[in-house]
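One chain, subunit A, appears in both complexes that follow, with subunit B as partner in the first and subunit C in the second.
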Partner chain A sequence: MLSGVFSLLSALLLITLDAVDVAFTEAAVGAGISIVLMLSTLTLTSRREKKSKNSNLIPLVIVTLTGLVLIYGTLDMPNFGAADTPSQIHVAREYIKRTPEDIHIPNIVTAILGSYRGYDTLGETAVIFTAGIGVLLILGRLSLRPRRRTKKIEKVL
Partner chain B sequence: MKHHLILRVITKLLVGPIMLFAFYVQFHGDYSPGGGFQAGVIMAVGIIIYGIVFDMEHAKKVLPAWFVHKMLAFGVLLYTFTGVISFFRGKNFLDYSALSPHSAIHGQHYGILIIELGVGITVSGVMIAIYYAFGSRTSEINDAEW
Partner chain C sequence: MITWEFIIGHLNYWFFIVLMMTGLYIVIAKGNLVKKVVGLNIFQTSVFMFYISIGKVIGGTAPIFPMDMKINNDVVYSNPLPHVLILTAIVVGIATTSLALALIVRIREEYGTIEEDEIFIIEQELDFSNTRSNTDKPIGHF
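Our next item is the complex of A and B:
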């Protein structure tokens, strides 16, 4: 519930940042599908959590350390909205300049994702495919038309 | 959810426009925000909402599970083969200019349209397949308990 509200709010935030593509995805995936999956997972498990015997101290230390490392990593990043960030001065200009000549479609995001970075998008699609196959394998729902197959086996027998 | 009349009526009204919007986002991605991924997710949401409010069995009549499993692979294959066609035309992998013999820009348009379709098919397939996989394991909750 709360994560759904959070997703919708961050979708609004992304719209104000002019990233409508991402806002779409956030609203549909974050506020829509992930909650459905979360709820259907909850119905599969039991109601009460098992009490763990291990102490909570080690996970807390690990999480804090990881957080500190991540924050340390952000120290090197350029300031928010700075004009001289690498993403602003390096290839982005080139994309904006060349998309009308090379591909001639108004939506530069689609041009970059589909054409200039076609390899990336192919990889992403493969990742999504792999994730889906993984879930299906774990849950054991990849049986292809089981009825027909058993019929065939019966015929062979 | 047989006794939730309002939900059922609203869902019936919404599923059509959701699908239409998904196709709009899919095929209009060159001109407006959106593309294959977004369209696939929206399409999956349409099917999932139908499956939740009516029954999953009804949703499976529209899109059977074996068909969804084929969709997963078909999208990736469509994308890859679009790239492979460029090989045979003497260009680099995924260079869509090879797709149209007359103009490189038209080739780019076709290429982007086809690969976005591939992405959309895979994404919607994955989302629906995961939903089916989770949902059909659920021990049926009694309708009155809601």
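Our next item is the complex of A and C:
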């Protein structure tokens, strides 16, 4: 599926941007798990899309306008790869300097993820847990599904 | 004011915005719910790439020290903070995607379709039949 190819290409782009950890995750999650989920959904639902009768003009106009506004927003941003931007000279240098003394591991991203910002990672696991519970409640046998409307819908169809 | 250097330095942001808008267009224009989720994913990934490109330093390398921890102070590292942020965001993104796909499967079970306009028509018919059956009741009932 094309979406998986897209994920893999974006992982390659992330490697060229020096974000190897992110590229690993994107390749595993985006090109792996997400495609499996997407394909299984397509198997459970329908494979073909029906033609929509709505005109494409209004979305196109909205998208173009939003894009122009966003591009206007980037005009104040620093050049790509510049070393003296606010994002580079604020706390990032501090993290790079202190990781060897504080955490004693070579990978700075892991150090921040696991230690400096450990609570964020805890929150992330909480989100995944909630999503898992949500999927179980929606699809699993545990769910208290009200089946009242199904018959009515069949009548309408 | 607009120099060649400025355009080259901002081209990456503009590419990511174009990609982001492609995702937004799919979300708005397509009626198929699975395609909407794909559009959201494209939108999301372009935001990720945008963040990572902010953290890149030209001439820098990946923020990993040598294994023996002999740190050479002349080496420039890219900013690790966006990487951490986006790692978290990718994992949260797959969680929300899976929840959305589960909802789509459930909608398909209930309505027999995953096309937005068909679901809308079914909803309207249901509302209509509900109001009709309510008004059919004799007024002296209560």
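As a working rule, the second predicted complex is superposed on the first by the 106 of 157 C-alpha atoms of A that agree within 3 Å, B and C clash if a C-alpha of one lies under 4 Å from a C-alpha of the other, contacts with A are read in each partner's own complex, and residues count from 1 in each chain.
Just so we're on the same page, contacts are C-beta pairs under 8 Å (C-beta built on N, C-alpha and C of every residue); 3 or more make two chains touch, one makes a residue touch a chain.
Source: prediction; values computed, not measured.
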Which of subunit B and subunit C A:126 touches, first, second, both or neither: first
First (subunit B), second (subunit C), both or neither touched by A:102: first
Partner chain in contact with A:26 - subunit B first, subunit C second, else both or neither: second
Partner with the higher number of touched subunit A residues, subunit C or subunit B: C
Contacts of A:36 with subunit B and subunit C, given as first, second, both or neither: first
Partner chain(s) touched by A:17 [first = subunit B, second = subunit C, both, neither]: second
Partner chain in contact with A:112 - subunit B first, subunit C second, else both or neither: second
Overlap of the subunit B and subunit C footprints on subunit A, listed as residue numbers: 20-21, 25, 29, 33, 37, 41, 44, 104, 106-107, 109, 113, 121, 124, 128, 131-132, 135, 139
Complex contacts: residues of subunit C adjacent to subunit A: 5-6, 8-14, 17-18, 20-21, 24-25, 28-32, 34-35, 37-38, 41-42, 45, 48-49, 52-67, 69, 71, 76-84, 86-88, 90-99, 101-106, 108, 110-118, 122, 125-126, 129
Touching residues on subunit A, where the partner in the complex is subunit C: 3, 6-7, 10, 13-14, 17-22, 25-26, 29-30, 33-34, 37-38, 41-42, 44-46, 49-50, 52-54, 56, 59-60, 62-64, 66-67, 70-71, 74-75, 77-83, 85, 87-88, 91-92, 95-96, 99-100, 104, 106-109, 112-113, 117, 120-121, 124, 127-128, 130-132, 134-135, 138-139, 149-150, 152-153, 155-157
Subunit A - residues contacting subunit B, complex: 20-21, 24-25, 28-29, 32-33, 36-37, 40-41, 43-44, 102-107, 109-111, 113-115, 118-119, 121-122, 124-126, 128-129, 131-133, 135-136, 139, 141-142, 144-145
Partner subunit A, residues of subunit B touching it in the complex: 25, 29-35, 37-38, 41-42, 44-45, 48, 52, 65-66, 69, 72-73, 75-76, 79-80, 83, 94, 96, 104-105, 108-109, 111-112, 115-116, 118-119, 122-123, 125-127, 129-139, 141
